[in-house]
Amino acid sequence: MIVLFTDFGLAGPYTGQVKAVLQRLAPAVPVTDLFADAPMRNPRAASYLLAAYAPWFPLGSVFLAVVDPGVGGERPAVVLEADGRWYVGPGNGLFEILHRRAAASQVFEIVWRAATLSASFHGRDLFAPVAALIARGEAPPGEKRPTDFARRADWPDDLAEVVYVDHYGNAMTGLRAAMLPSDARLVAGHRRIDRARTFSGMPAGAALWYENSTGLAEIAVNMGRATDALGLAIGSAVAVVS
Amino acid sequence: MIVLFTDFGLAGPYTGQVKAVLQRLAPAVPVTDLFADAPMRNPRAASYLLAAYAPWFPLGSVFLAVVDPGVGGERPAVVLEADGRWYVGPGNGLFEILHRRAAASQVFEIVWRAATLSASFHGRDLFAPVAALIARGEAPPGEKRPTDFARRADWPDDLAEVVYVDHYGNAMTGLRAAMLPSDARLVAGHRRIDRARTFSGMPAGAALWYENSTGLAEIAVNMGRATDALGLAIGSAVAVVS
Amino acid sequence: MIVLFTDFGLAGPYTGQVKAVLQRLAPAVPVTDLFADAPMRNPRAASYLLAAYAPWFPLGSVFLAVVDPGVGGERPAVVLEADGRWYVGPGNGLFEILHRRAAASQVFEIVWRAATLSASFHGRDLFAPVAALIARGEAPPGEKRPTDFARRADWPDDLAEVVYVDHYGNAMTGLRAAMLPSDARLVAGHRRIDRARTFSGMPAGAALWYENSTGLAEIAVNMGRATDALGLAIGSAVAVVS
């Protein structure tokens, strides 16, 4: 399975062109859209989001992950194998948290270049062909690098920020709920927010946080929009108190 | 065919994770996205919308339908078979109108539970596996219930409200056009609106209503946005006059 | 491969119903979403966008292209074969630029009508079945017309307007970059904009234009939104100066 994790946006031609490449090069491999709206031009926030969602997918999955504000510049193109899954994308920190949490990993720098490589769309011209190749079972077309290649050692293990806002106005943080004390409260938008197991039983309009279906601490307002009620967006700071 | 009808939103990881489950459990069954933006947290409006669209699909189709503000609470999980199509989702009224209009039906309460069942994402953990099972031709993993199980007898047969707003700013109502007098006018946003067969021939900016391609009465403004011109949104009241 | 190019919007049931038809009539043919947000009700702008993106797809691709404000009126339904690719949609100019740039072409008027043809959704009821037929290798169900059938000879070869705005706030124009002098500057939103090869190396907030990955001149602001910074939208005029 190839899994798409990008900031290409839902609209427009980018995801469609990437899928056309995958269809041509790996027609038998199913493709799943995970995020087309990963944190835009923000590989740091995206790194925590990707690390939360990736382990849910089957071993052998190939992630085509593109949050790449430096496309056309000097950042390397990389392949990470971590705990039996593959990740193809820019070497700008996007895979840092995955890499850090992996028990076993290896990293490659992609040295192959397409015959026609646009300056602005490596997702289509470089990363998609490489992902198709790996999904077909071939070796990554790159050179093995030491495990500290293109890393971001200064990033924290959990990120006390909003890293995603969903359709319901819920705000996912870069904090793993399992790493927080069971009675921890979060402070966001100048409000102290208690933990709850689920929405039901809470009064409408109440703010709460809970462990979401992927393990992240997520802030919500029952039958309302946490983003509006608390003034939250991707990048908003969150604090943990008890 | 499995058909998705949800309020998960277009963005974010929810539909992608559901599709990954379907791909794993029923890889040979094609999946169609019908609505990812069904009326949010509003199973009543969604019930009229789903009942309008479902009969267009082939017999044997399995609808994975999730508009589920009570997830994690006491509402049951159900499977409805109605006139040769299957519906899997929450027992909160979402299938009421389908059920009421069906000539033949049976209803099951889903008693199977996944080994790992999140509190907030039954679409992925409960309804998707059940839909995959049924699409593979297996029996629904539930117990048969009387036909008045989880019903909403107090809801009207047609709903005089806006139940969906599309990309063009057109407002679908929960009224079947065939149930209205041929000269009926609709009142919405303090305007009386005449019936027309189609857009062409109307002056730009004129408001009209017509039978849409699924049989619902739909309000539009030629070359404009009815939602903006008339101040309409999901839930706005509509009246029928002659 | 069938490629979808429409203004149906990302949301709602339209694309899903079209795909259900294609799945039923041509189940072995992969379907790619190129644009669901082509310029709304604007076949002229859409014509330049489609002509830029189509040649990137493999020979034999069938484009189901619907930007059709006159649906239900007098405009013909057409099939264009141009340089080995097929295009199915309304004869309202949407294929004008493709046709004009083609070395070899033939055009057909679709005379087949579905048993049940809605007045407002020819994408589902008329164009999708025809596209499926052609994708299966059958002859277009139409009558051959002279090459000046349903043309728009008065439209320019390149369009000095914004024809698409993407998720990053970049504004694509209807101008092919290869047709512009290498030192050309664009004027848009009362700003003179210099050409650049790529984003990297430009200061954050700087406006630039470049040849995008499809060959169009595209206006962007590094790490910002050109649409907001320059006040651009689909239809905004652009001028070329040196």
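For reference, chains read A, B and C in written order, and residue numbers begin at 1 within each chain.
FYI, a contact is a pair of C-beta atoms (placed from the backbone, for glycine too) under 8 Å apart; a residue touches a chain by one contact, two chains touch by 3 or more.
All values derive from a computational prediction rather than experimental measurement.
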Indicate whether more than half of the residue numbers at the subunit A-subunit B interface occur in both copies; give same if so and different if not.
different
On C-alpha atoms only, rotate subunit B onto subunit C and read off the angle in steps of 5 degrees.
120
Averaging over Cα atoms per chain, report the distance between subunit A and subunit B in Å.
31
Which residues of subunit A are in contact with two or more other chains?
10, 37
How about subunit A: which of its residues touch subunit C in the complex?
7-17, 19-20, 23-24, 27, 37, 40-41, 69-74, 118-121, 124-125
Which stretch or stretches of subunit B touch subunit C in the complex?
1, 3, 10, 30, 32-37, 53, 56-58, 164, 166-168, 197-201, 210, 212-214, 223
